Amino acid sequence: MQGVSVVMCDFSCQPRKKVDCRSLRKELAKAGIQVVVAKKPCRQGIENLDDLQGEKVLFAGCPLLEENGLYGRFRERFSAAPANFLDLDVKRSILDLYDDAKSIEQALSRSIKAHARILEAKEAEATETVKPEAKVLVYGAGYSGLHAAAALCATDVSVDVLETSGPTVSPGCLAEALRNRDAVRKLRAAVEQSQNGVFIPHRNGVRLSALENGFHMRTGDGMEALYGAVVFAPERVEGPCAEEGALNLSALYAALERRQQLRGITAFLLDRGRPSTPEVVRDVLEAAKIIRDAHRGEVWVLLRNVQVSLQYQEELYGDCRDAGVVFVKYREDLSLVDDYGSFDIAGHDEQVHTAFSIHPDRLVIPQIPRLPAEAGVFAAALKLRLEKDEYSQSDSLWNLPNDTNRTGVFAVGSARSGMIPTLIRQDVSSLVAAVEERLDPAGFAVEENIPVVDADKCVYCLTCVRVCPFGAMAKDPEQGAARVIASACRACGICVAECPAEALEVRNLRREALFSAVEALAEAPDTRPPAAGSPAAGPPAAAPTSGGDS
Amino acid sequence: MSNVTAESTTAAGSQTAVRVTAESRLARLLDQGHFVVTAELGPPRSVDPSVLDTKIEYLKGVADAVNITDNQTAIVRISSIGTATYLMSRGMEPIVQMTCRDRNRLAIQADLLGASLNGVKNLLCLTGDHQSFGNHPEAKQVYDIDSLQLIYMVRQMRDNGIFQCGEEIRNSKKANVLPPRFFIGGAANPFAEPLEWRVFRLEKKINAGIDFVQTQCIYDMDVFSRWMEMVVKRGLHKRVKILAGVTPIRSLGMLRYMKESVAGVTVPDSLLGRIADAEVAREEGLKFCAEQIRQFQKMEGIAGVHIMAIEWEKAVRGIVEAAGLLPRPD
Amino acid sequence: MIVAEQKPIKDIVAMIPEASSLLVVGCDTCVTVCMAGGIKEVNALTSVLRMARKDIARIEGTSVERQCDREFLEELEESVQAADAVLSMACGAGVQMLSDYFEGKIVLPALNTLFMGSNEEAGYWMERCLGCGDCVLDLTGGICPRTRCSKGLMNGPCGGSEGGKCEVDPENLECGWNLIYNRLKALNRLDSMMEIRPPQNWSTSHDGGPRRLIREDVKL
Amino acid sequence: MKLLLLHCTESGQKVLARLPQIGYRLPSTVRTMELKCTGRINEELLLSSLEDGFDAVLVVGCHRENCRYLDGNLRAERRVQRIARMLADAGVMDKKVDMLLVGPDEGAKLAARIAAFLAPGAEPAAGAETASVPAQSGGKK
């Protein structure tokens, strides 16, 4: 390993565990690695390293150096490209080691050799930045989609809104839309009147494909456009009731919208089969209040198993209790007799332990809103993961609230969580920040350890395309091989592990380097006899359980 | 019958003596050491009983048991079991042939139960001719199991009272195990390639569980003798009753056809010459057949003859008579 | 694509006879794509065998483009001759070609060849074609009844079709004829389902004996 | 008993870094190798590690639903299970692979698993420590 030099802290901060640098140097020299010891680099800096040879430098130090920005300065000083520099936290190894002086050097040399092999295999690379397309596509012109579009338009970003055939307002925001009738219209108007917002009808299928710097869309009408980011805000649609004559929530809201008189008894039947979501409950209670107050109607809400996590749910309960809505927590044995659109409902109230029976003038059975099929197709084209309940956000997504598994695609509204107006408003403001960052004209850097495809080895089986959690692998018909969409890749290495043809490699940790590093680790002699099992400080309950040689 | 179970509950492959005598007349005669005569009867292709009646007439009192072919050469005919039942009602003992081409293991086992219920005692297990030779060449074949597996399955049914799946053959947990009990036969072809493997194939069938074997029709006595020598050398004749197969020659054309077109049949040129030179080929053929049978009687290890007079059942009586094998024992 | 899966490792370990050297040969075509016998699987199996069969002094792995083509097998001449036994990680066709090409060697299969099918999603393959030699997809909306119907019916669906699922596996298996019905209905071609399909000519399938295809025009 | 810990940069690295805080030191026969995500670990890496001389490989990844790369940990877990089964079926009794899903604060869990790996049937931990003698590798390089 001629090309690798090691700079190592002298660890004078560890008085009890001195490292014998001379023997370490000797040990590593056998493997052709030169060691330069820096004295107290964290305090005295790392300027005096004149006898440093070799192109690649492995710095063995402690996290303090990184925290103090010393590595950065070191790299600058020696103008080391990322491929020529690797830092190794040997402090942990030293702490882990033993009072026996010799073993520290052996352990360190083992670790340093393994990392030197990794560094040796690191390839020089150009720092890749991707300049994104300047436009944003908002999928969906529902409550949340319009919010997002309006907010983006206000920041001088060019926005296309793909308007689906669904309702303008999805269940969950029905109450909000009704209470603030002008809000949706105003949002729409804001987009239309801004210089940079355009509505595109979602007709005849929309095809979307991923590019390095964004997304390419082609509509059924033959319109084509390029986008740097996509906001996924599909409108969810409530299905019809199975019981003929009963209304779903959307139908009830349409009646309210038309200012139809809803006198007499209105009964809401919730939690049939599946527990109702908080949005549904919210819409129901809001409607109940309107019916009570504006229509002087009598309202019964029959429920069983509402998800009670909504922030303001208790408050709403309170409101409705004040408004005189009758709550009934029914038992499983509820009987619903359908007499040609007129219903007889009888059951047992679990809370007050009495039987009840009603004959409502209208029965509303809220349905669980679903993602329309075309939105599912759109999501699939982007390799967006639709989790349970068709949200596009996985539990393990960690970054910003709007991030999806596909870099460059952001979710708001029903695609992200429940349709809670306050949450949507919060999300939209963080969305604007995220999109601005993504569309920064200066571009954004791609991950360092992205995979590379060996087109000669690739059998074009598309396994990587199928397994990539981030939709960062695509097929490349021109090359006849898989292609990495670097801007979407998060460098996890899953595709490299899965590739059946071994045609994929992590750029800076090639198979060979990794394997020889493991080999180096295995080859190093033990620092203590193998019989020494757990150290004294080991867990108290680490009693041996099974036999075997040791 | 009880001795069957006592004798042969050991796994197939053990050297069990043939003792299914109590019910099968064929087995009894073989056991008593008679040189038995079996013949072959091809069921007709319609439900007209007159053809069958005529054939029965030809074979009655001549053959100790009669093989009923099972859709021979893959041409649809009256079923073997159906014909066998008819034969029994006319006082004859059938050997039901069962092939693997048309039935899977479910159908075969069900048919065997049915056959046994109707009194069938003898079974010949065959693979069956490929359907492409018959009149339904487009049919889907079954071959769920092959003849070896069929033999083993029937043996397991008889001796261990279990179906192929391992379940016991009884109607309820408390009921008695009542399996079909067959005198199990198989076929052997001493003339098919590879020749040296043929004896081992017979041995494999014996290990699987056959009690008797009927050979392919023999024309080449030299090859057959060599085969029999190997059989005797390996002691197989003591483990299975061997019936030598013959097919009387009707004409020179038929012999030529057998030589050229039927796989697994060898016809020596000397025989071809003899028939060609004969004044009346048919008579020479019958004479040759009787000669063969007399030779078989002298050969070690041969327990009988199986006469396959294809669509010529009429000729059997003459052959048996000429071979000096009439009258047949009871 | 031909889909195969690795035999239980127990069986593989047991089938390898006493030998002093073993060569594991993968195939870079179908079985690589279905992740059963590509170079990656060769490496993994070789590793396991080295640990499991320490009696064999040398166990090595390699892979060729296609084991079902003689020309690619030439490349193996040296390494096969140096081995006592060869473990093929190709489909049945590949194993047989290898065994024909190197007649004097014990050639063993490491895979069970399953079917011709599609890769539905990562880790999920499905049978799509029986290779019956008499395609009827023009009549059935592009869905093969012989393959996708458990009974291979031609005039289905039978009474075991419930809720779009097949009675053979009502949880996971779609009724092939239900799919055909829906497809034909969408294509407005249901009338073709009303025709009584006559029994199939199976002689073009394996029932007619092992199949060969001879193209005189190409042979010339 | 040589043990290789293949761990990820997220929970795996963090839990290792915090081991000294709970007073646990990695035994001398344990080596560690960091990968960005345990999803990078495949059959080949596991098996070649064993062939290189490790007696066991313990993959240390994040808890379910907590993988930064969505399902790298689950993929690793399934591969580890598959290889463990394969080794057992092949009759390889002297090599082991296992997976541990941990959070950054679950050092004790990791330590217990390592101990279970290293001291099967041996004396309790305390005894082992007193018996420890500085190793001399002598001529072995």
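Labels A, B, C and D are assigned to the chains in the order they are written; within every chain, residues are numbered from 1.
Simple rule for what comes next: a residue touches a chain if its C-beta (ideal position, glycine included) is under 8 Å from a C-beta of that chain, and two chains touch if they have at least 3 such contacts.
Note that this is a predicted model, so its numbers are computed, not measured.
Participant: Among all chains, which one's averaged Cα position is nearest the averaged Cα position of every protein chain shown?
Facilitator: Going by the distance between chain centres and the overall C-alpha centre, it is C.
Participant: Using the touch rule from the top, work out which pair, C-D or B-C, shares more C-beta pairs.
Facilitator: The comparison resolves to C-D.
Participant: How big is the gap, in whole Å, between where the Cα atoms of chain C centre and where those of chain D centre?
Facilitator: Distance between chain centres, rounded to whole Å: 37 Å.
Participant: Centroid of chain A to centroid of chain C, CA atoms only: how many Å?
Facilitator: Those two chain centres are 38 Å apart.
Participant: Using mean CA coordinates as chain centres, what's the chain A-chain D distance in Å?
Facilitator: So the centroids are 28 Å from each other.
Participant: Specify, in ascending order, the residues of chain D that touch 2 or more different other chains.
Facilitator: Counting only residues that touch two or more other chains, chain D contributes 42, 48.
Participant: I need the residues of chain C touching at least two other chains; which ones are they?
Facilitator: 40
Participant: Between which chains does touch occur?
Facilitator: Touching chain pairs, listed by label, are A-C, A-D, B-C, C-D.
Participant: Any idea which chain C residues touch chain B in the complex?
Facilitator: Counting only chain C, the residues touching chain B are 199-203, 205, 207-209.
Participant: Using the touch definition from the top, list the residues of chain B that touch chain C in their complex.
Facilitator: Touching chain C: residues 130-132, 137-141 of chain B.
Participant: Where on chain D does chain C make contact in their complex?
Facilitator: Residues in contact with chain C: 42-44, 47-48, 50-51, 83, 86-87, 89-92, 95.
Participant: Any idea which chain A residues touch chain C in the complex?
Facilitator: 459, 461-463, 466-467, 498-502
Participant: Applying the document's contact rule, which stretches of chain D touch chain A when the two form their complex?
Facilitator: The contact residues of chain D facing chain A are 1-2, 4, 16-17, 19-20, 23-29, 31, 33, 35-37, 39-42, 45, 48-49, 52-54, 65-72, 75, 79, 94, 108, 111-112, 114-116, 118-126, 128-129, 131-135, 137, 140-141.
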